[in-house]
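Some notes on the structure that comes next.
Letters A, B, C, D, E and F name the chains as they come in the text, with residue numbers starting at 1 for each one.
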Amino acid sequence: MRKDERKTNQLRSIHMETGYIMHPEGSVLITVGGTKVICNASIEDRVPPFMRGSGKGWITAEYAMLPRATDQRNIRESSKGKVSGRTMEIQRLIGRALRAVVDLDKFGERTVWIDCDVIQADGGTRTASITGAFVAMTLAFGKLMDTKNLKEMPIKDYLAATSVGVLPDGTEILDLAYEEDSKARVDMNIVMTGNGEFVEIQGTGEEATFSFPQLQKMLDLANEGIKEIIDLQKDVIGKWAPLIDKNIQKYNNNNRGETL
Amino acid sequence: MRKDERKTNQLRSIHMETGYIMHPEGSVLITVGGTKVICNASIEDRVPPFMRGSGKGWITAEYAMLPRATDQRNIRESSKGKVSGRTMEIQRLIGRALRAVVDLDKFGERTVWIDCDVIQADGGTRTASITGAFVAMTLAFGKLMDTKNLKEMPIKDYLAATSVGVLPDGTEILDLAYEEDSKARVDMNIVMTGNGEFVEIQGTGEEATFSFPQLQKMLDLANEGIKEIIDLQKDVIGKWAPLIDKNIQKYNNNNRGETL
Amino acid sequence: MRKDERKTNQLRSIHMETGYIMHPEGSVLITVGGTKVICNASIEDRVPPFMRGSGKGWITAEYAMLPRATDQRNIRESSKGKVSGRTMEIQRLIGRALRAVVDLDKFGERTVWIDCDVIQADGGTRTASITGAFVAMTLAFGKLMDTKNLKEMPIKDYLAATSVGVLPDGTEILDLAYEEDSKARVDMNIVMTGNGEFVEIQGTGEEATFSFPQLQKMLDLANEGIKEIIDLQKDVIGKWAPLIDKNIQKYNNNNRGETL
Amino acid sequence: MRKDERKTNQLRSIHMETGYIMHPEGSVLITVGGTKVICNASIEDRVPPFMRGSGKGWITAEYAMLPRATDQRNIRESSKGKVSGRTMEIQRLIGRALRAVVDLDKFGERTVWIDCDVIQADGGTRTASITGAFVAMTLAFGKLMDTKNLKEMPIKDYLAATSVGVLPDGTEILDLAYEEDSKARVDMNIVMTGNGEFVEIQGTGEEATFSFPQLQKMLDLANEGIKEIIDLQKDVIGKWAPLIDKNIQKYNNNNRGETL
Amino acid sequence: MRKDERKTNQLRSIHMETGYIMHPEGSVLITVGGTKVICNASIEDRVPPFMRGSGKGWITAEYAMLPRATDQRNIRESSKGKVSGRTMEIQRLIGRALRAVVDLDKFGERTVWIDCDVIQADGGTRTASITGAFVAMTLAFGKLMDTKNLKEMPIKDYLAATSVGVLPDGTEILDLAYEEDSKARVDMNIVMTGNGEFVEIQGTGEEATFSFPQLQKMLDLANEGIKEIIDLQKDVIGKWAPLIDKNIQKYNNNNRGETL
Amino acid sequence: MRKDERKTNQLRSIHMETGYIMHPEGSVLITVGGTKVICNASIEDRVPPFMRGSGKGWITAEYAMLPRATDQRNIRESSKGKVSGRTMEIQRLIGRALRAVVDLDKFGERTVWIDCDVIQADGGTRTASITGAFVAMTLAFGKLMDTKNLKEMPIKDYLAATSVGVLPDGTEILDLAYEEDSKARVDMNIVMTGNGEFVEIQGTGEEATFSFPQLQKMLDLANEGIKEIIDLQKDVIGKWAPLIDKNIQKYNNNNRGETL
């Protein structure tokens, strides 16, 4: 039994409030246990220099924490004058994961800016960010469709993420809270699609290692957890879900063995 | 009649939700019309180098906006690697204003860190930050008192802020929303105490000037508005209000003509 | 009686030496008591990106101190790799104040760069900078007129600044020297036009507050002081003064109640 | 058949030249096909602030590329004034991987600095860095033992890394050269111990996904490849290999199920 | 004949105004033709970390230009956030040159900070800075002697600098003004002592070379010019000159062949 | 007799390995005693903004050291976020020296980037860099000629560099190793052409001075040493040497007394 009485394969309670901030094209406040992240998606009508003239769009992400999102106050990265390695890793991960399920040819030379701002942290901020960012991005593309600036939903499949890990006693668990994460021997973040494919696996031991059977158990836990999360996403995105469902069919028939 | 049907001397609707973030010693989400600011107060058990050994405490503030708090997405200051002049001006103002109503001799060599993070902006973010920061700070000192780390409330008086300005047609108005602010000939931020004294006056014309009678009208509007806001603060801080009320008496009897 | 035997409403001795540096279009060394600031105005034949194509000009200011302008040597901002909050506040103030008395439509897509470099500091460096910068800017516009690049003087009114404050004993005084400033309970910088209108009021108490009657006394002192300073400016700018006098008439007749 | 005539499960030719640079405690030039990395290990007799007084040592890594290690010249990170996200990710990975096979309690309050400088790049620079860094670190600990500053070899197991991936035609391959890497749908870096346990798995699709069977094939390829590489490491580290072999026994008997 | 009617071996007019800024321990405004540099010397009662406990003092220099010291306005180095290579070269040169004529053992663990701020530039700013800095430093040591904090003058010899060069027509000239400098094929800065020894020679051709006979002519010109400049320095430092004269005797008798 | 048994006028052993790195247009590993520098020359088909449209090419250099090139590990300049003054001085020197022997009109609007990366340091890294960079640049121009992108060799003369100095006992020596350099009273770097002309002289005393006779002896030592080095360069550049020899004739006949 875990400290918060969860079973080893049990997710924390997840809630997504859409339209949370009024200005962005897509905005979600995602709550996963004690972790709260504001995910905003902004559409900009141009792409970075390296993509100009390609006819393709781009998706990029930024991630930050409020100084007091954590138990101890952290110095702002703007005050330090530079972004930490941890922040860079996370924002590169979020952007890469989202690009894996979007057809960049389908929304013109536009950039989708994803901003994930953690206002309260209790473990799993990067996976909550990916899960919430997917919803914010979907809403932003939806808004483009509503305003006739886009004809087709460019999202090829759902995308969600969670963490798995190995406790000091060797138990594999799903969705680590901060206290569990800080003690775990192995910490693994998994990003998957609605179709059950992997987008990203990042498993790491700080001063520890793990075996192949442990890896398999962790992947199974993640797989089940992510299915649950994607069901929640479907509810939240409402009328856009059928369009994505249709795209899953289409891309899996046409492009199987290629890019999705 | 103003665009949102307010009268010239009417504040926007104000709401303060305490305990908004779980980790900080004091936390408030303040909403002023469309402006939303998370104000967190953190207590650190040491002071900056220039104050060590003085036996006195210090109060300092930081201010930031989420990139999409505004209609157009702004580049993060952490990405730019430096804090803008506007941000610095605002955070210096917040810290200075709070220090004016606190007896720094009364809480030991501790630093109160105030973090004001604007998650949604619609004008008046700096004055909403001051108003909310006062409440967050009060709750943080209260927590120190509850946990017996502090015997006496070090706050000498209430503190709140609002904006006033002159519209292009010459009308003086209270509490400018973003659209009004962007057109106003004069923009003035006023910080006052519960006792009706000024803590800070910052009046400025961008490509315009103003007369003494206009100044007087603006100060009157601000005075009335701030009284209303302080009444709201009293409700929100609950059991700590009587301690501040007592301090107002004490400091005004003892120190009149000196520092408050 | 003040330490330097001045009366409460008496300015320090002020001197402005024009043509101080040979390269700039306008150059003044302003001396206010022990404070000395080199004010240079440079004309650049283009505007910042956000103004291109507007047909309007721009005025911007930078402010710095030599490391040993003060009693204790300060670290250079170039060595620190960033500009302090205080510096940013001051240079934003100088630029904003100058723009308030210039018709930006009247000198084409040009930028006036104002550089205020304090070579010796004894209080009031920001107000001395504004007073000197106005003269340097006038000379630079004059040079443009002399060389036929400009037909009309774009300056709408005079501009000067001074400080006022409240001493620990409650006395309101004009034009604070460094020693007075470091002890004052309230420090206020006032920028006004030749027409007696306000351009900027920045009054602030560090760990103190002030009342409305105190504010009024300070504003009166400032008003009298600034009149004297503007008389000195008229002498120094010589042949350009009548053009500004004429503009005061013109802008007050045509635009009263609008922007000046 | 691959472009360089390798089989899908064939490593490129690997060579490690020890003692390459004269000053460091451990130094190796590792060559993996066209990739060449200088790996230097330096011993410093103190630890970072957060570990002082713990009695434990620390291992940290830095990674860089010469500007013309690649086909197109890259701007130096020192000229840009900041380290890229990619560099940070890689150096965090190298340090974390090395720490997983070292008993930090066994070499006192010392820091091992690992510097991996890529002088020629042709794919797989991060995995070559880890493989070479392990050897440089071993030599540095060996030098400490030779000079009697250390009694016991603190390394608990071997450590090596390689890449695996999926080509556009769906073939899983081992040890990607640059040209293969730039076309691959999936790129995965695997770090393993001599005991066959995982230390780190980082699998990622840029605009693509992968299935569980594909993951398994890639892990098998990596497992075989890393065994071969560790055999080469044993030859190169010579007299220190038996000490590590003994530690593998010891740590697997004593601590199984705990940290290795 | 040169443009300003000087002979090839003729210095520009030189003037040094001591006590120019009121705060520094030593302050000089040096004018060399159109070049004007404020040289301030500040005494700090501690040395940099690498010298603590050595019982020796240190001398360091900083150099900067006002933005409009030159014909075209330059961007401030504080705005750019970094010091240019040219600035670094010059300030390292000034510090090194001054240290060559001071006995660092003779003034305790103190740092002499030299600030050379060019307020108007017309060629030769680095050599004027050295010449002026020597005087400012002498006055600062003198002040320490006057206030009994120092018993002995630690300066071993005079120090002055000038430039020499080769014009496009092959003529060697002394003390280049800006226009000459910008056209010269060879530009050489020479720093010498009162005793006629070299402290620094920096000769450089941008897209050109020079022969040994040309070098000799340039060194002769510099030698004569620097003698004249040192005579001017003697006048300006007044009562401190005999102490330096005595030190020249002493150090040349005792230490000949060692460090001076 | 020197520590490594060299005579005062004897160079250390020098070796240059061409084609060291596979990607650059020209690449050399130069070894001078214990000093090893990778010198890469890259051709870019454009010039910096200030030269666009001039029809001329540009040559620029960067210099860096691996952290453990030296006995004590140095912090990376990329981690510090800025390039040191020493690095800037050296890379400016390398670029300037190379430009002095190249006809910038003869290779179109191209930039030659020279990267000198010291992988092992034992004194004389900047002079070894210049000597090696000349060879790398020659090979890069040669490659342009081989691929028909260039018709004429733009190099006007050979270029090499060495150091000379004065030991504490007054002896003048050639080619200082690190230990000698750290003790020397005078340190001088000389860059010369095949024709025996000077390109750069940088002589400096740290806390010491030198006389004209000492200067002459040092210049003689440098002259002899550089002749030997240039003979080695001729061997290494092989088929390109006759083209440079021919250019020496041509430029000395046509342009004597002008730029070479």
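Please note the rule applied: a residue touches a chain if its C-beta (ideal position, glycine included) is under 8 Å from a C-beta of that chain, and two chains touch if they have at least 3 such contacts.
The structure presented is a predicted model; accordingly, all values stated were derived computationally and were not measured.
S.K.: When you check each chain against chain B and chain E, which touch both of them?
M.R.: Both chain B and chain E are touched by C, going by the contact rule given at the top.
S.K.: Going by the average position of its CA atoms, which chain sits the greatest distance from chain E?
M.R.: When every chain centre is compared against chain E, the largest gap points to A.
S.K.: Please decide if copies chain A and chain B contact each other with the same set of residue positions, more than half shared, or with different positions, and reply same or different.
M.R.: same
S.K.: Could you grab the centroid distance between chain B and chain F? Build each centroid from C-alpha atoms only and quote it in angstrom.
M.R.: Here the centre of chain F sits 61 Å away from the centre of chain B.
S.K.: Could you work out how far the Cα centre of chain B sits from that of chain C, in whole Å?
M.R.: 29
S.K.: For chain B versus chain D, what separation do you get between their C-alpha means, in angstrom?
M.R.: 52
S.K.: Could you list which residues of chain F touch at least two other chains?
M.R.: Where chain F meets two or more other chains at a single residue, that happens at 81-83.
S.K.: Specify the contact topology among the chains shown, as one of line, ring, star, complete or other.
M.R.: Chain contacts: single closed ring, each chain with exactly two partners.
S.K.: How would you write out the ring of chains in order, opening with chain C and then chain E?
M.R.: C, E, F, D, A, B
S.K.: Across the complex, what residues on chain E touch chain C?
M.R.: Touching chain C from chain E are residues 21-24, 27, 34, 38, 40, 42, 44, 62, 64, 66-71, 73, 76-83, 87, 113, 115, 117, 119-120.
S.K.: Would you pull the chain E residues touching chain F in the complex into a rising list?
M.R.: Touching chain F from chain E are residues 82-86, 88-89, 91-92, 96, 99-101, 104, 157, 168, 170, 185, 188, 193, 195-212, 215, 219, 257-260.
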